[in-house]
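What follows is a set of notes on a single structure, which appears directly below.
Chains here go by letter, A, B, C and D, matching the order in which they are written, and residues are numbered from 1 within each.
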Amino acid sequence: MDKTCLFGGTYWPIRIGLGGSRAVCRVFAGRSRAALVNPDQANGPPWSGRSLPGGLAWDRNAGDLGGCRVSCRHVVRGGATPRGRVARRPGPYVRVAVLTSGGDAPGMNGAIRAATRTAFVRDWEVLGVPDGYRGLLEGRFRRLTDRTMGGILHRGGTILGTAREPQLLTEEGQRQGLAALKRAGVEGLVVIGGGGSLKGALALAKLGVPTVGVPATIDNDVPFTDMSIGVDTALNTALEAIDRIKDTASSHRRAHVVEVMGRNCGYLALACALAAGAEAVLLPEHEPHPEDLLGALASSYERGKPHFIVVAAEGSGLPARKFHEYVNAAEDTFESRLTILGHVQRGGSPTAYDRLLGSRLGAAALRALAEGEPGIMVGVSGRRLERFPLEDVAAGKKHLDEDTYDLALTLAGMHRRRG
Amino acid sequence: MDKTCLFGGTYWPIRIGLGGSRAVCRVFAGRSRAALVNPDQANGPPWSGRSLPGGLAWDRNAGDLGGCRVSCRHVVRGGATPRGRVARRPGPYVRVAVLTSGGDAPGMNGAIRAATRTAFVRDWEVLGVPDGYRGLLEGRFRRLTDRTMGGILHRGGTILGTAREPQLLTEEGQRQGLAALKRAGVEGLVVIGGGGSLKGALALAKLGVPTVGVPATIDNDVPFTDMSIGVDTALNTALEAIDRIKDTASSHRRAHVVEVMGRNCGYLALACALAAGAEAVLLPEHEPHPEDLLGALASSYERGKPHFIVVAAEGSGLPARKFHEYVNAAEDTFESRLTILGHVQRGGSPTAYDRLLGSRLGAAALRALAEGEPGIMVGVSGRRLERFPLEDVAAGKKHLDEDTYDLALTLAGMHRRRG
Amino acid sequence: MDKTCLFGGTYWPIRIGLGGSRAVCRVFAGRSRAALVNPDQANGPPWSGRSLPGGLAWDRNAGDLGGCRVSCRHVVRGGATPRGRVARRPGPYVRVAVLTSGGDAPGMNGAIRAATRTAFVRDWEVLGVPDGYRGLLEGRFRRLTDRTMGGILHRGGTILGTAREPQLLTEEGQRQGLAALKRAGVEGLVVIGGGGSLKGALALAKLGVPTVGVPATIDNDVPFTDMSIGVDTALNTALEAIDRIKDTASSHRRAHVVEVMGRNCGYLALACALAAGAEAVLLPEHEPHPEDLLGALASSYERGKPHFIVVAAEGSGLPARKFHEYVNAAEDTFESRLTILGHVQRGGSPTAYDRLLGSRLGAAALRALAEGEPGIMVGVSGRRLERFPLEDVAAGKKHLDEDTYDLALTLAGMHRRRG
Amino acid sequence: MDKTCLFGGTYWPIRIGLGGSRAVCRVFAGRSRAALVNPDQANGPPWSGRSLPGGLAWDRNAGDLGGCRVSCRHVVRGGATPRGRVARRPGPYVRVAVLTSGGDAPGMNGAIRAATRTAFVRDWEVLGVPDGYRGLLEGRFRRLTDRTMGGILHRGGTILGTAREPQLLTEEGQRQGLAALKRAGVEGLVVIGGGGSLKGALALAKLGVPTVGVPATIDNDVPFTDMSIGVDTALNTALEAIDRIKDTASSHRRAHVVEVMGRNCGYLALACALAAGAEAVLLPEHEPHPEDLLGALASSYERGKPHFIVVAAEGSGLPARKFHEYVNAAEDTFESRLTILGHVQRGGSPTAYDRLLGSRLGAAALRALAEGEPGIMVGVSGRRLERFPLEDVAAGKKHLDEDTYDLALTLAGMHRRRG
């Protein structure tokens, strides 16, 4: 007669080979047959497999089995007493790495923390790579612990450090990165950064490293995802600065041209302009006509408006400084002042939105690794999180929302010039 | 021979009867035949109609014709010289009213401003109703001007004033409101407020007042729309307060129970808890087990955590104060402090998100009126603005996002108790 | 027998001739003898004087008698019933003007409000001069009311508007200003502004206009007063920006050179550097040695510090941009980024300190006018408010606190080079 | 012939016996006569003393000799070559401890940092005592390093932790504390905290521990010093909250009673009321008449004021809740809401003022220890830092500034009721 022993209830991590389709679950339960019952999926078939020396293995599509409570039904053939036990392996079964790259963005720490804590739930080990790809190329890693993750959610910047490292875009650099990951025993990589950083992630994915990207850049120029981590904070920071500038602009009855970040993407400038109630906005996506703007400015001056705020994107075809000079060259109109907000926009405690977005995307990135679907970027599309192939992300381009642009013009009292 | 006179290019507002299907365009162009050509819709048929004393009228589905540039081709039969002209009517053609109702929410001013300015583009007149439905019942209106709209976008609260007025939910009250609107010549109404206020909007819509609702409440309990105006600001305000409380909690090694607003909706509390990295959250949607929470608290204390933050929703089944007392009754664990954030969460300059949301929804509400589709609430669904029947909104209920709840538990290191 | 009628308790303003030594109190109390009893000065002699047609007058040194409650004991000789009454004169007795001049500073509104409300307590009339001396030269005035003063205390900038108007420093301009004041019937002037504006105030005082100055400039370069209105807010604004910059500096391991305002006064930069824990500070008052700084920077880099923040005053001998370029020209050290904070520092809701300082100084300015001591600036010296002759203020120079400088160096780990 | 060797220029810490009047300077310079020349005090006599095994000692009043550059003139009698050298002792010569006690206050970290870094300049060792007097009684100490001091200046709360520990006010507790300090070899103590904590400091000083107090409490109830660390931050935090509350109060036309901290000291409430432009203030120092306040409230309501804000101190004779209930019991006047700001006021990044004050007082405390003047509290009096005997501080009481109170009433339009 067979004797059955039910090892129940204890939390028990299951190892999933990240790269392949074969899930190997090691049950240190003696040499006889064993079956795993996952009570969370009570209706499904039990997971059973063949006995292995030192474990239990069965074929299964890779998937997120980790972190659930399992009961292990251990059957010993014949009359012997079941002596084995479901041992919790001392070490973690999977080791992944996390890095932040490119320009820092508030909320990156939330993504690091969520990815790390989600990994810990699976008993995985997480290595942080200092200073982005630069640290990776130099083979630097440091183990992230629960204590490292304490008190970082509300902090700006990235606790891992970051850098712009063009070398990873070379073949030589990629081989070097791959080698460093192998040496460290890293089986999966989470890359948190902007467009350039995600291109690096794609390169590593192509070399076989299971890699998941998380969009984080205050420029909001990563395609497919509605928002990148850091945008909301930068937007509010810039907005607060413009609110301040309006105070002094009104006191002196001046025009102020304010340059905000965004590289070649006008999102930040447009959103700022709309939220600040600016009188005009200069965007890379819309080649502005200086005469139109000067006309609007002159007309505002005549109507007695107390100020004229122009928000200009970094990459605007008509640069902030140039327009500022145009205004000051004109007569009988507002005097202009120029402010370049610069790096102030990068820092600061992340807003609720960026902490939530960072937390959701960081956790989702880890889940994508665990479910064996790397080579993607996790992003937000409406209410939902979605996965987009890194290939598409690298090739895509983010477009401006023209409705928002029209709304900004309408609310500023400027009607768009057609045709 | 007929002579033709083309009045071209000038911006010319077109009157649309809001309630009906008949668009009446008054062209002060003499008594003979006239045709309007809308160059923005070059491919469509010209709008022509029959001559009326003092105008031109034709049948047409009501729609947003307003605010476009029109050329008026005026044909005079016979050899007479066309003497008429397309006169811009001195007054506005349509008069709408805007009110804010229920609890105030940051961003309401952005919605008022956007609705008003969008109306001005159509040359409509906008009346503000002071103090919500109370002002309506008392027949108080004041004209909103471009100047009234200056410098309000960044201000908290509502410049119109608001009130909770249960009388509008009675038949008598509704009749009174309807009469006041008629007396004032109001043809359309924008109601900015929360669930109760939108029920009032539905009542007026049923009585035949073209009414569009805009969801604004920091509780985020309005169904269908992802977010209501004011939620993001309240969330960030509460978050900032909890960040502060964490400082003192860590300094004293204490537990702090923080009650945030949200009535019967746990959204605000859940989002706060996640964004603040709280150790536990009490929600109306999840009946919590005090013993579980006390266990988690005791275990955190033993592990040496510097604080234990509990975010509690107003309407939680286990009230904030009760749990706070439980903790202080327990031994060898954190001492607890209680904070009820209260009205602080309502005020403050709206965040970028709420200014944008307010602006977008306010403009959309006006557009819905202009397009002859009242009886709806405008809301945000993912990236897009959508229209939802007020009937459905009044009957619906907002549900908690369970994924977010699970994420909060995971990141707090607490695993959800199943079954 | 004489009959006595006591008119008691009503608040009753007393007119004080601002310029002269004769206080004239008009009691509309009939023709017989009258005596005023000021219950606030119960121990002093009653104020009595001779009856005048339409009033009561007596000689007295000009002083602040206004705003107290008086009982008027009205004695009618013989048996007649006292028929007169103490009539409150309908109009105000004194008309003063308030202007803000030069660069705007947060807290100016608090000063305007306090001066105005303190005047109202005396039943004086207050005219606001729009756009500083420019408005004065153009003879523009607008009456300030209690309603105008509502909701301005927390607003940045100045509700009166301001301008830099060099013309007032010419004799012609001063005569023009004097004439405008006379035409408007203004008997006293409060000038709120910085050093240049106070020079203008001195010029008007010399021409005989009772003028009191209030120091308001974010540069803190007005001598004698410890602090000027606006400094604390600008300091906190700049500090918050530097806190943000530190986040990104640490993430990238960079040096950041941050230029703050202050013209030729290093106060703002020094206080910022100390409060932000900056690694170095460039001041107009201390000619820095670039090599020393580069050495400190290199040594910090070697010791592994995560960032190197340099705060530079606008007027520093070694300009921010120059030092920034030096750093980037050096090898094997931090990469540098430059931020010029600019006008952001001017605006924003004033801090508690600036609202209190503005309120105290504004009220004190009015009191100085009322007490017949014009030609002075009110300022803060330690805990107390003091009065400083405008003559001295115009001639003086504000010095840097060397102890604070030493402390900044000590806490930054840099020891001052001696000799 | 004697040979002289001048060891010049190197920075060299000098040990000062904190408790006594004998300064012992150990010069590891061989066995012969030596003299120290302090070039910073060129005019004074050289410091010379007798040779000791392993050092050099001389009598001198204790004073701040530390941290100066000294030249050591080392004379060897006879023809021998001077072989000794001025060795920098590897370890620090003096060990002091720092603790924070009582309620935490923003800026405490700045004081810890400044005291510690000022000690490091002298090569002293600094121990931090965790959790205030509680940690002291338990004999817990941890060494503070330069790294521990990095990135703490801008953080709220106290990195050392704090507690309210009544046991130190008992004789038994004091003996225990003294013993712990002796065991740890601590020769001086800096106590950062409020009134109660400074009483503890006095007790230890009386037992012979060189102790210096630093006033830090948001209540501003420590006498002699104008301001305590944390007050300015708490004030701005409370002010910001009241600004927010005003938004919602105006929107609903309500009265709001807001209770702020301050225990039995009305400073915080008064300053808040003045800075927020509140309509009334309830203070422990002024027994308010509810009828007067209700009258003012009713009159404001009639005059159409949009809100009525009452700021109440914690310890007010007429408690916030009671007045709130009075208002709601009254008819035809504002509806009231109550907010108790609570612990939110304690936390948050310190303002510039509190960082500067903390830094100045922390450094001054260390200097007082070094100069052999313990038993005092360092405080700020006007522009200057001063020292006040702990004895006086413990016996004193902080008084309200009546001028500020009058100003608040004047600006709120309420005149003070006399006698």
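Throughout what follows, a residue touches a chain if its C-beta (ideal position, glycine included) is under 8 Å from a C-beta of that chain, and two chains touch if they have at least 3 such contacts.
Bear in mind that the values here come from a model prediction, so they are computed numbers and not experimental data.
Visitor: Which chains are in contact with both subunit C and subunit D?
Guide: The shared contacts of subunit C and subunit D amount to nothing, since no chain touches both.
Visitor: If you average the Cα atoms per chain, which one ends up farthest from subunit C?
Guide: Taking each chain's C-alpha mean as its centre, the farthest from subunit C is A.
Visitor: How many Å are there between the centre of subunit B and the centre of subunit C, using C-alpha atoms for each centre?
Guide: 42
Visitor: Where the centres are mean C-alpha positions, what is the separation of subunit A from subunit B, in Å?
Guide: 30
Visitor: Approximately how many whole Å separate the CA-defined centres of subunit A and subunit C?
Guide: The answer is 48 Å.
Visitor: Where in subunit A do residues touch at least two different other chains?
Guide: 243, 246, 306, in rising order.
Visitor: What is the shape of the graph in which nodes denote protein chains and edges denote touching chain pairs (line, ring, star, complete, other)?
Guide: Ring.
Visitor: Each pair of chains that touch: what are they?
Guide: Chain-chain contacts present: A-B, A-C, B-D, C-D.
Visitor: So in the complex, the part of subunit A that touches subunit B is made up of which residues?
Guide: 40, 113-114, 117-118, 121, 146, 150, 153-154, 226, 232, 235-236, 239, 243, 246, 271-272, 274-277, 305-306, 349, 351-353, 355-356, 359-360, 363, 381-384, 401, 404, 407, 410-411, 413, 415, 418
Visitor: Using the touch definition from the top, list the residues of subunit C that touch subunit A in their complex.
Guide: Residues of subunit C touching subunit A: 100, 103-104, 106, 131, 155-158, 161-163, 237, 241, 243-253, 256, 306, 337-348.
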